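Written below as structure tokens is the structure these notes are about.
Residue numbering begins at 1 within each chain, and the chains themselves are lettered A, B, C and D in the order written.
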Amino acid sequence: MGFWDVFGIWLASALTIGIISFLYRDNIFYKACEAIFIGTSAGYWFIILYWDNLYRKFWTQATDPTNPEWYVPWFGFVLGVLILTRLFNKIGWLSRWPLAFIVGAVAGLYMMIYFVSNAMVQVSSTIMPVFTGSWVDIIANTTVVLGTFCGLVYFFFSKAHTGVFGGAARVGIWFLMITFGASFGYTVMSRMSLMIGRIDFLFGTWLGMIR
Amino acid sequence: MRARELIVSGLIILFFLACYFFSPKPMEFSRSTSVLIIFLLAAAFVYVFIRTFRGRFIGRRVVFIFVGVALVLPFFMKFPLPLQISPEVQSVYDALEKLPPHSKILASFDYDPPSAPELQPMAVAFMKYAFEHDLKIIIMGLWPQGPQQADQAIQAAFIENPDLKQKTKYGVDYVNLGFQSGYEFVILQMGQSFKSMFPADLYNTPYDSIPLLKNVSNFSNVDFSMNFSAGKPGTAEWVQIAVDRFQLPLAAGNTAVQAPMIYPYLKKGSKGKKQLIGLLGGMAGGAEFEKLTKKPAKATTYLLSQSFAHVAVVIFIIIGNVAFFREKKGKK
Amino acid sequence: MKRQIPIIITFLIGMIMIFSFFIPPLEGLEQTCSLFFDVIAVFAFFLGGGNLMRIHLNKLRRRKKDWGFSIVTLGGFFIMLAAGLLKIGNPGGIAASPTTEGSLLQEIFTYVFLPLQSTMYALLAFFVASASYRAFRAKNREATILLIAAFVILLGRTPFGMMLTAWIPESFSVLQVPNLAIWIMNSPNLAGQRAIMIGIGLGVISMSLRLILGIERTYLGDESV
Amino acid sequence: MLSFPVTGQVIDTVKAVPDSELVVVAPVTSLIAADHKYDDGKMIDLSWVPSIDDRLVEGNVMGYKVYRIEGDSEPETIAELAPGSNAYNDQSVERGKLYSYFVSALSSNAETPSIRTAPIQPQREWLNIELINVLIMALVLGGAVIYFIETARRGKKLFVRKIAGLEAVDDAIGRATEMGRPILFIPGILDMDDVQTLAALTILGRITRVIADYDTKIFMPVSRSLVMTAGRETIKASYQAAGRPDAYSDDMVTYITDEQFGYVAAVDGIMVRERPATVFLLGAFFAESLILAETGNSVGAIQIAGTARPAQLPFFIAACDFTLIGEELFAASAYLSGEPKQMGSLKGQDVGKAIAMAAILIGVLTATIGEAWNVEWIQHITTGLRDIFSTR
């Protein structure tokens, strides 16, 4: 290993410990690491945005003489420039145009995407025969149908949660809670793995104590 | 305030320096030490339990120390964990065993460094197994940092088994095609031709001048494929396109968060065929695979830490709740 | 006028996007919109990055508390900018990808950015434990259900789960913790996920329509709300 | 220069092989080229029956080559396919041009071309009929939303059940005022191109209207520059509407960094140092949800959270005082506004839910009965229902 690799590993170890020190309390080492992180990450993402969005996606397309639709990206460019008008009080209201464009496009596009892949597909895949296969399958199918139905009852806004309706809503929220519990378990699992990775770096790669 | 901060940070630095200069390398606890540590940990938990039960909660930092200990110490313990091999891991191993030497395997690395702790160990074990059995590997990535992870996995495999380093040649035994952006579109195009998506490998060697790729034009020339995935694009996309459309034999390694969503693909379909040959799910999946190859390595070490941490979390929830119920009863 | 034009833009673009879903000749619009969005995002970064600089320069000038860290932040920011824009140390020169192995940007990424990022992520392990001890209470029936499901999953994915319930006979193997964990994932979890997804799908429709029709206009800074 | 095959003529692909040693395979049959339906005229679908020599055992077919003839020009290879292939989708055609195709079956050293298809032009369709069910559904739902909005506008009272998390918003703001501590608003970590961020901003508009009336500080660190711009517009407008434009300042909204954990670190620092009395966590959250909610909890803030991402909801439920689950997040701004027409849109949503519930109930019943007793007309109902909700 060359000097710079060793230096890099020591630096990385120091920064790792600096962040972990937050567990004790907010301290000057953590603050320093935080400051480095904020600065470098803002810079890093700007570089990625600059080369990937502005240069690769916009500039190469907009200046390509063989591209018959070379002018299209320039409309986006104009919208981008309009957002800068916010810096000037007099024409600042122009910056609402690109915002309005984004909101319209996102609302329109996602309305259909969510509708199809979230609502329609899920309804159609819940339409299934319940009493088929072994008793394990029957229980599983019934659970899925019942859970989906009651979950929807819970989200119903037009009726207060009372009576039979309230009962179904209650069952619905139980299903939601099982879902959240399962996500919780799996999330804990992957968080622990992340810390294990850092420990392996500190005690293994750096200190060499792990075989 | 400042003084206390300085003392604590001084202690931390001293601790690590002491580890650096004075600790045995590698460090390993004997069996009895390990048992003693577990016993002490259990005793500490009992103490916490009694304390909390009396209504005096321990501080956040004490909880942190417990977790830290539960995560770090198992690294140095040697404990045979009763691992039951799950059927989905067994079938990955069986499929690999059936491959004759010189079979070509396509390995897609679809993850980045933050998810490496879970996926890297299985990648290393997989590479080691493949090289030892003279299987040829074609590496690619749908995530930008995937090919680098593959490279690291190969280096790690060489360190663990130095003989492989002499034996294995780049371009003949394995090749790294690098990253290609475009998500599932890349898979779709590869169904027609690999070359259209990867005109050259990671080191800019043209596709046609790499010996290993000589008769490889698309999925039909590959005998087996493995996908290590931490999200999207990943196993789901590979199944939907490469398996469903091009009948590629596929197995996968997934992070624990991903794994539950992949289970449906392991079920036998209407034609009695599984879409996915098998699945290594999270750290546990990696450890089981290592056990099958009879070479316990990183995942096995990691799994012990992971299990300890899970148990610690469960115990903390139980302690917190017992105290909570006592309090509630007291109020009534 | 000032107020009307943005609302008209939102309405027109929104409607076009909705109908482009059904009209094949409008297929390419989605990509064009995403290109526009990417370009606007770069310009917005000039505002965001500029704001970041302004705040830290202000702190520096006024010698506010912790101004020293502002120097560190700005330093990190500019070093990254210089390394990336000029592609310092990039083996492939100015034409190569900015993240080529061996370039200064990539080295800083590997040895500074990555450990910081991974460790930040990893701190979650500790917070999860602390939350388990102090926050995850079986306050009511709902919370109890959540906790039990979490227990099953947590134990089911480790060898301990196997050890705990290995005594359950094979004919009831569904009740062994690891199998129970798989059952939870495939049945009740699936049902809950579906209900949430359908709900979200419908919620998005209603909200999108409110936005497109101009009923919801708070985001545009409309004063008449 | 390799000459292109002519129909029916076997071609030696490896030169210098005597004719007697050529492995000749049967050509593919029933080759059909058809316009790809419901597209912009950019695709042609090919299908064929594979060569009878294409077998797994003792098969001689090594693959297929697809050739295309554009107008009167020479044939060109557009694809090489694996044995067993029986279809290809040509996406490199242009509208208004004529194309014909043929497919060659390849053996180890020869290829046998099929007959050519008749010339075909890719067609453009103006409406995707396959998605007509989606269109009708969308119109029904959109119509329901608009209908209820209009009904409400005309003054009809509509009932909407209480949503606990939103009932608490006023109290939470009041608490911050009493304690003289700031309010923190976190709009998630995604950009303006995510609907959850839009939902968060619409809620922000409602909340700041209330805040502007009190003399409370609101602080909104964001991780996207565009969200910063939009957030400033929103807050500024609320202060203007409350008649206090002077109380607004750009410093209320700050951009920190796009990087997830850089952002979290900074927000954590802000929470610890500023000790807000109330924290809103609304929008798209990922792994940071736990850190933010835990830290907010540890500084004793009242927390109202909401996201549509199921994986993060458990942490909010555990560590926050109120949590908006999925759909509730999107309904929040309408609910908070209290305006009849906004409430009306929630009713429209419920129509959708009613349809979904009815479909599931009827569908499952008919599917079960149809399968158990094998009643054909009931099975038809099931398939019909599935078709209505299918998207292919």
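Methods note: a residue touches a chain if its C-beta (ideal position, glycine included) is under 8 Å from a C-beta of that chain, and two chains touch if they have at least 3 such contacts.
Here the structure is a predicted model, which is why all the values come from computation and not from measurement.
On a Cα centroid basis, the chain most remote from subunit C in this structure is B. Among the chain pairings, A-C comes first (most C-beta pairs in contact). Averaged Cα coordinates give subunit C a centre that lies 15 Å from the centre of subunit D.
Centroids of subunit A and subunit B (each the mean of its C-alpha atoms) stand 22 Å apart. One finds 29 Å separating the Cα centroids of subunit B and subunit D.
Averaging C-alpha coordinates per chain places the centre of subunit A 2 Å away from that of subunit C. Along subunit A, residues 13, 22-23, 31, 34, 37-38, 41-42, 44-45, 83, 86, 96, 99, 102-103, 107, 110, 112, 114-115, 117, 119-120, 123, 126, 145, 148, 152, 155, 176, 179-182, 184, 186-189, 191-192, 194-195, 197 each make contact with two or more other chains. Contacts with at least two other chains are made by residues 18, 21, 37, 40-41, 44-47, 49, 52, 99, 114, 116-118, 120-121, 123-126, 128, 130, 136, 143, 146-147, 150-151, 154, 157, 185-186, 189, 192-193, 196, 198-200, 202, 204-205, 207-209, 211, 219-221 of subunit C. Multi-chain contact residues of subunit D, defined as those touching 2 or more other chains: 134, 138, 141, 193, 195, 198, 226, 229-230, 233, 256-257, 259, 261-262, 265, 287, 290, 310-311, 314-315, 317-318, 325-328, 331, 346, 349, 352-353, 356.
Residues 57-58, 60, 63-64, 66-68, 71, 81-84, 86, 113-114, 144, 148, 256, 260, 263-264, 281-282, 284, 303, 306-307, 309-314, 316-317, 319-321, 324-325 of subunit B are the ones that touch subunit C when the two sit in their complex. Across the interface of their complex, subunit D is touched by residues 22, 26, 31, 34, 37-38, 41-42, 44-45, 83, 86, 95-96, 99, 102-103, 106-107, 110, 112, 114-117, 119-121, 123-124, 126-132, 145, 148-149, 152-153, 155-161, 176, 179-181, 183-184, 186-187, 191 of subunit A. Residues of subunit B touching subunit D in their complex: 60, 192-193, 217-221, 246-247, 257.
Every residue of subunit A that touches subunit B in the complex is listed here, in rising order: 13, 17, 21, 23-25, 27-29, 182, 186-190, 192-197, 199-200, 202-204, 206-211. Residues of subunit A that touch subunit C in their complex: 8-9, 11-13, 15-16, 19-20, 22-23, 31-51, 53-54, 57-58, 61, 72-73, 75-77, 79-81, 83-84, 86-87, 93, 96-105, 107-112, 114-115, 117-120, 122-123, 125-126, 136, 139-140, 143-148, 150-152, 154-155, 172-182, 184-189, 191-192, 194-195, 197-198, 201.
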